Amino acid sequence: MKHKRKRHGTMEMRVHRRTEPGSPPGTIVPDPHEPQSDVQVFSYCKTDLVESRLPSFEQLAKMVATNEVTWINVDGLGNTRLIEALGEHFKLHRLALEDVVNVHQRSKVDQYADIMFIVLRMPHVPTEATGGRVTTEQLSIFAGPKFVITFQEGRPGDCFDRVRLRLREGATKLREAGPGYLVHALLDGVIDNYYPVLEGYAERLDYLEDAVLEAGSHVMDELHEVKADLLILRRAIWPLRETVASLSRDESTLFGESSRPYLRDCYDHVVQIVDLVETYREITADLRDLHMSSLSNRTNDIMRVLTIISTIFMPLTFIAGIYGMNFHTSSSRFNMPELDWEYGYLLCLAVMFVIAAGQMYYFYYRGWILPSFRARK
Amino acid sequence: MKHKRKRHGTMEMRVHRRTEPGSPPGTIVPDPHEPQSDVQVFSYCKTDLVESRLPSFEQLAKMVATNEVTWINVDGLGNTRLIEALGEHFKLHRLALEDVVNVHQRSKVDQYADIMFIVLRMPHVPTEATGGRVTTEQLSIFAGPKFVITFQEGRPGDCFDRVRLRLREGATKLREAGPGYLVHALLDGVIDNYYPVLEGYAERLDYLEDAVLEAGSHVMDELHEVKADLLILRRAIWPLRETVASLSRDESTLFGESSRPYLRDCYDHVVQIVDLVETYREITADLRDLHMSSLSNRTNDIMRVLTIISTIFMPLTFIAGIYGMNFHTSSSRFNMPELDWEYGYLLCLAVMFVIAAGQMYYFYYRGWILPSFRARK
Amino acid sequence: MKHKRKRHGTMEMRVHRRTEPGSPPGTIVPDPHEPQSDVQVFSYCKTDLVESRLPSFEQLAKMVATNEVTWINVDGLGNTRLIEALGEHFKLHRLALEDVVNVHQRSKVDQYADIMFIVLRMPHVPTEATGGRVTTEQLSIFAGPKFVITFQEGRPGDCFDRVRLRLREGATKLREAGPGYLVHALLDGVIDNYYPVLEGYAERLDYLEDAVLEAGSHVMDELHEVKADLLILRRAIWPLRETVASLSRDESTLFGESSRPYLRDCYDHVVQIVDLVETYREITADLRDLHMSSLSNRTNDIMRVLTIISTIFMPLTFIAGIYGMNFHTSSSRFNMPELDWEYGYLLCLAVMFVIAAGQMYYFYYRGWILPSFRARK
Amino acid sequence: MKHKRKRHGTMEMRVHRRTEPGSPPGTIVPDPHEPQSDVQVFSYCKTDLVESRLPSFEQLAKMVATNEVTWINVDGLGNTRLIEALGEHFKLHRLALEDVVNVHQRSKVDQYADIMFIVLRMPHVPTEATGGRVTTEQLSIFAGPKFVITFQEGRPGDCFDRVRLRLREGATKLREAGPGYLVHALLDGVIDNYYPVLEGYAERLDYLEDAVLEAGSHVMDELHEVKADLLILRRAIWPLRETVASLSRDESTLFGESSRPYLRDCYDHVVQIVDLVETYREITADLRDLHMSSLSNRTNDIMRVLTIISTIFMPLTFIAGIYGMNFHTSSSRFNMPELDWEYGYLLCLAVMFVIAAGQMYYFYYRGWILPSFRARK
Amino acid sequence: MKHKRKRHGTMEMRVHRRTEPGSPPGTIVPDPHEPQSDVQVFSYCKTDLVESRLPSFEQLAKMVATNEVTWINVDGLGNTRLIEALGEHFKLHRLALEDVVNVHQRSKVDQYADIMFIVLRMPHVPTEATGGRVTTEQLSIFAGPKFVITFQEGRPGDCFDRVRLRLREGATKLREAGPGYLVHALLDGVIDNYYPVLEGYAERLDYLEDAVLEAGSHVMDELHEVKADLLILRRAIWPLRETVASLSRDESTLFGESSRPYLRDCYDHVVQIVDLVETYREITADLRDLHMSSLSNRTNDIMRVLTIISTIFMPLTFIAGIYGMNFHTSSSRFNMPELDWEYGYLLCLAVMFVIAAGQMYYFYYRGWILPSFRARK
């Protein structure tokens, strides 16, 4: 039954580069399996907000010209032509676009002329659909003087619903500030999304701790799954730490001096998440040790029962065997005269009893019997 | 019985951010489960000391204006409105206030204008109430030019009773010096509180060393608990080390040149505590190895007993079985003529004895018998 | 059968320096086992491309003089005289040539006057011929103002086929740019070749994960092979990281300012590969733990069956043995009067049944029976 | 017997701060268990040497005034008043004096005005009295322009006997140089004392290697002791390394330029000791692995014997049991007619022999028998 | 037999300082066990070479005055007076001479005035005489403006034979260059000597890999030996790395700018050796894991055989035991009427067969039988 359950998660570990070795850098190879792109645009200034879906390039150009900030969110990377067109229109570097499409990048920040390119990994809370395994999705951000373009892999749902709400609400700090603050809000949303994912693992570890203590038999498989998931999260979060650190050290004009504390706050969160992931990994390792030791302990318990039983009954059965031999008592007076003794049988039983009692005492003395009373403090 | 004992401590590992992903930074979300805030104020200069409980904001303003230093200690974070009001009155940064309420911060120092914000984790000596597990509480300190505001989570008891005593005593260095020295005294109190906690674990490890050597059966569960607790302490103390180090390197005006040795002293203590925690962790790991090895050793002992007994009695029982067969001696002269021999029975017993003695000698020669005399040096 | 399979791969670990200890540095000792050198030349400028095989030195000199870039690829190091002649003609440093011939160098960059010397390790996708083990080949690159010379070990196949294609296509950026861009293209080809190799291991780990969960018996040997291969890859890729990092920091004229992003792109890829190799190593270690634990688990299962069976049948057999004794009931009324009782046999069977049932209940209570229903959650 | 042996050494791990959390820094709390202080003074210049025991403060003042260097060695920290008086007289900082009394400091150097404060841990060669466990003692050194004050914990014996001899001898470099050279001589004495301690452990590890190979049964307990002791030494020597490094980088006037090589020499020794301690720790870990593996090996050996014996005799006993059944041959011609056959018994024995021989061959073929001849190369 | 083999190698780990703790630094204590010193001098310039054995000091002085470079090689440290005389004549620092005699130094470089002092560890290929264990010998080099003095421990053989040959050959670069180049040649010789030693271990690991897979029984002891030897090599090579690195960074006049590439080459070799040693250590650890797992695997195999046999024959023997009971069928019609049935015996055998077959099927179903066909993929 257990092996029928579809395993997931290792897919995350596989990195498939679609561009062939030796291709010129900046080659954008479409992946037919990627979902079609869905484009959503928020164009806003302090007083105005335009929301639009799949606009034409003229509309886009007009929005960017009119408003302070235009956020173009591309959901799904299946439409390579659209991505190339966006790249040309906004003068995005081809190497960066190649990274957008090859969705197994580590988090990083690159500066191309006046456009900043940020790659993040966005975690998804494990669901039934992913077999209870964590998955991460690549989020690529281009931030220019008047626009922010984000590319997602196109799985349903992201962590920006509250950002969209704050944009629509109006008169928030987000509407007044420039594209830097929007980038910060997106970063913050991604980072904060790690917390519920990690909380899920804290709960699972808690449950597993109980399971190990109660010696459940599939604990190890589950521990292995949790360990692998934490490895995925770790691979996502460590480079993110470097990324946010380099952002907060950054001297570019995108983030002004006033947004420094906000980036530092982001950085603190990432460090805390790193800390949690490492802590959970250590707990998992400890639980594995505990499980192994409890296995050994149980082997010992089982062995002890077997040994006690064998050691007691083997000599007894041997004695019974002796007197089950068919030596003809009539042929010789040395042939088992005990069989004719008046108390022969009782004596025989008495000897057996003495042997059994002696062994019981010895085992009690060695602490093999009633371990719950003796070996415990 | 054992599994009935309420487990604690893993709660410490769980970090729950109450602010939803994507919320604007600086959102202060109240936790209905937090205890109501209790405010205690010490306002003092060299000659005067005013102690007050839950004062109004006007009273507070007057105290700050009159005296050199005013220490406002808020115990319990349930009263969000009070915290926001304090924040507005003393111009505390909203990001810092968010950290005060989200009580799973790592130790850190942040400088906002002329106010320094310090986060510490304060350990509580394990008690029955916490199931013998260590717990830590967040202490947030705001230090301004004339005031120090501390926020505690509101668990009963803290480690500042002697600081209060020294304030009340009068004419101590603490009363004469500024807010920097008070911050140092609070820091020192928190750091020194780690010593009794660690002493408890030293004792427990000592007891566990005995238990492992005497092969107690629940040693591993306890070792696991100690290990998890040390992990909690480690997560509390490592960032504290960075915090104190950055405080002692700090160039701000809060701490004068003369308090440098005191901060260095604090730093030495933290380093010593880090050292102890790491040492105890290594000892725990060593004890686990020792325990695993002693388990294997005992399995071997048990197996040896079983094997000796089986190996001796199986051939004997087999021989007894042979002569328990009912071949009709009358039908054929080849059918067990031994049964009619005069010394058949005695010979049979003699053969059995020789086999048993031979095996005993072999086991003695292999060192399986009397291991206490042979295998020991 | 299994041990007949020719093992490979450890050869990779062996480093044999052919120059005797104490020899003057720069001694080039030929290895008679190396394949004969095959020389292939691409000489090109923006408008022209000359391809030639095994040209004379005069032809070479002319090509270098005429065209912008001349790429001389030497495949096979058996022809020491040719290598020395090339070295003299292009003024390559003897120490570098010694490294070319001693093919177990770590990746590195050295600058000799205006010639840059780069050593790389090029991975080969595991095939049947290598027993399914990964192998790496040394690629040495000399880059001068107008030429690029590469030395390969001469195994069939390399990862530059697409580079050659791009050269032949004409009007590509590669044809227009200088030798620095060619070096970058070669580097890129080598680095990109790690991806398919690693993908193979991802697949193998995936399969092994299944195998461990299904408790296959040769899992450990295979895990060991994968681990050793990852060690080989790790030894190849870590120094490559340093190499590419130092190239991208390099101030020499070979790479202009415009190729900086391309080198940074290379560096990102190398870092990602490093990350993957380390991740796969961790997964391998986790799988080993899982395998060890499943072994222990199975030992426990087997022991449990043995113990249950023994514990049930030993007492029963003992009782049967008792009543198989031949005490003469006629000699004494104490000698097994049970044998004559009317319900003696049935009583005896009943006692046996009660004992067996009691034990079954005890084992069920201890959770030794039906672990699949009880111990699982 | 074994558990009766008094365990020692873990005491070393316990750090008890006598000052209560929250006390003002610099509080000196006497420990009633500390031995009474014994004061020994050496006051010397190039031509003169005064030795004195427990002098008055006037005598001390005079000695310091007259001679170049005065070395006051306080042995035992029980006399707090004396320590405070010395502190006041020589203007020693209270924080340093607190560290003198709280004898679990890590090695360190602090500079207070013109007085340098050094803390070291001095190892004692394990003796019967300490249960064969290593112990370390705190040595605190104050070095001023004309005096050196050392505080020891007061255990009998120190490592300065040869320094005293060199002082008494006269006309040595020690008598001519200033207090810096005396400090160096004391440092050197402490560091050199680690060598005999480590040699003891090298011998013990050598003996343990033999014991593991011969499979002694208490090896693991001893390995654990050695490991714990090496942990103690490690905790003593690592901070010492930092201390000596910072001394040799120090720009203060205490050590002149000419004593630089001597401090570098000290540093080399400390690094070598660090290296040895780490090496011994690794050897200990390796021996533990070896021991665990030899335990597993022996379990296998024992199991093999048990299995061979059981597997051979069980079928045989079963066959004997068959023919021990009492089916009435007279009631039916199907009831064990074999019992009446002429060669029934011999046939039965022959069948048993064939079964046993077949199994023996199978076990020999599997390599379970005569492992010493087959499995060894 | 095995334990009779003399163990070696751990001696390497023992560091015995002959100077007593507290002695004045620079004390040279002779070791009576050291071999007598043998002095060999090469004095040369471009055109001339003088070779001499055990010259007088006047001869030495003349040689140094006449020729460009004089290399004095002292083989054996038993002659302390000679070492002291050399030290005085060439103004070698006493601290350095102390290090020459205390032959357990880590590699290092020290500069005393215009004399450079280098310590190296020279490995010896394992031979029968050293029990197949690696040993290292200390080489101390003093390099002055016109002379190079080397001290070896005096074991037969060194790695400079080819250097001597190159000196005698004449007209080599070595004869033309100064003492710096000679030092480089010696360094190079020592470093290159690590390669054959490591090749030996590569071969041994290769053989051990086979042995582990074939489950040899003394694999673990051998792995332990290899591990200990690699630890020795590691302790020798890591400090050498630092030493060579600091030499190549060195600004002194000994090595001119032109010898920079040669030192870099040395450094590359050392890094490669470090890399190999670490790789071999990892392989050793992996092999240990593999061995442990194969041990567990075999335990499982053995247990399975035991369990199958026991589980099959115990019930059968019990049934046979039942019908071996002597209940008097004549006393009661309930007493084993089966014994009189016509097909009683056959039925009994049939029941036994059914039980055995059922169990076989169950074991087959659980995969305990024929693991080679089922559990393998």
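We just call them A, B, C, D and E in the order they show up, numbering each chain from 1.
As a convention for this text, a contact is a pair of C-beta atoms (placed from the backbone, for glycine too) under 8 Å apart; a residue touches a chain by one contact, two chains touch by 3 or more.
A quick map from chain label to UniProt name: A, B, C, D, E = Magnesium transport protein CorA.
All values derive from a computational prediction rather than experimental measurement.
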Minimum number of chain-to-chain contact steps, subunit A to subunit E: 2
Averaged-CA centre spacing for the pair subunit C and subunit B, given as whole angstrom: 40
Inter-centroid spacing, subunit B versus subunit A (mean Cα positions, whole Å): 25
Contacts with two or more other chains, residues of subunit C listed in rising order: 292, 296, 299, 303, 306, 310, 314, 317, 321, 324-326, 336
Order around the closed ring of chains, commencing at subunit D, then subunit E: D, E, C, A, B
Complex contact set, residues of subunit C against subunit E: 2-3, 7, 10, 13-17, 19-25, 93, 95, 99, 104-106, 108, 110, 112, 211, 215-218, 220-221, 224, 227-228, 231, 235, 239, 288, 291-292, 295-296, 298-299, 302-303, 305-306, 309-310, 313-314, 316-317, 320-321, 323-326, 329, 336, 338-346, 348
Interfacial residue positions of subunit A with respect to subunit B in the complex: 159-163, 165-166, 172-174, 185, 188-189, 192-193, 195-196, 198-199, 202-203, 205-206, 209-210, 213-214, 261-262, 264-265, 268, 271-272, 275-276, 279-280, 282-283, 286-287, 289-290, 292-294, 296-297, 299-300, 303-304, 306-307, 310-311, 314-315, 317-318, 321-322, 324-328, 331-332, 334-336, 367-368, 371-372, 375-377
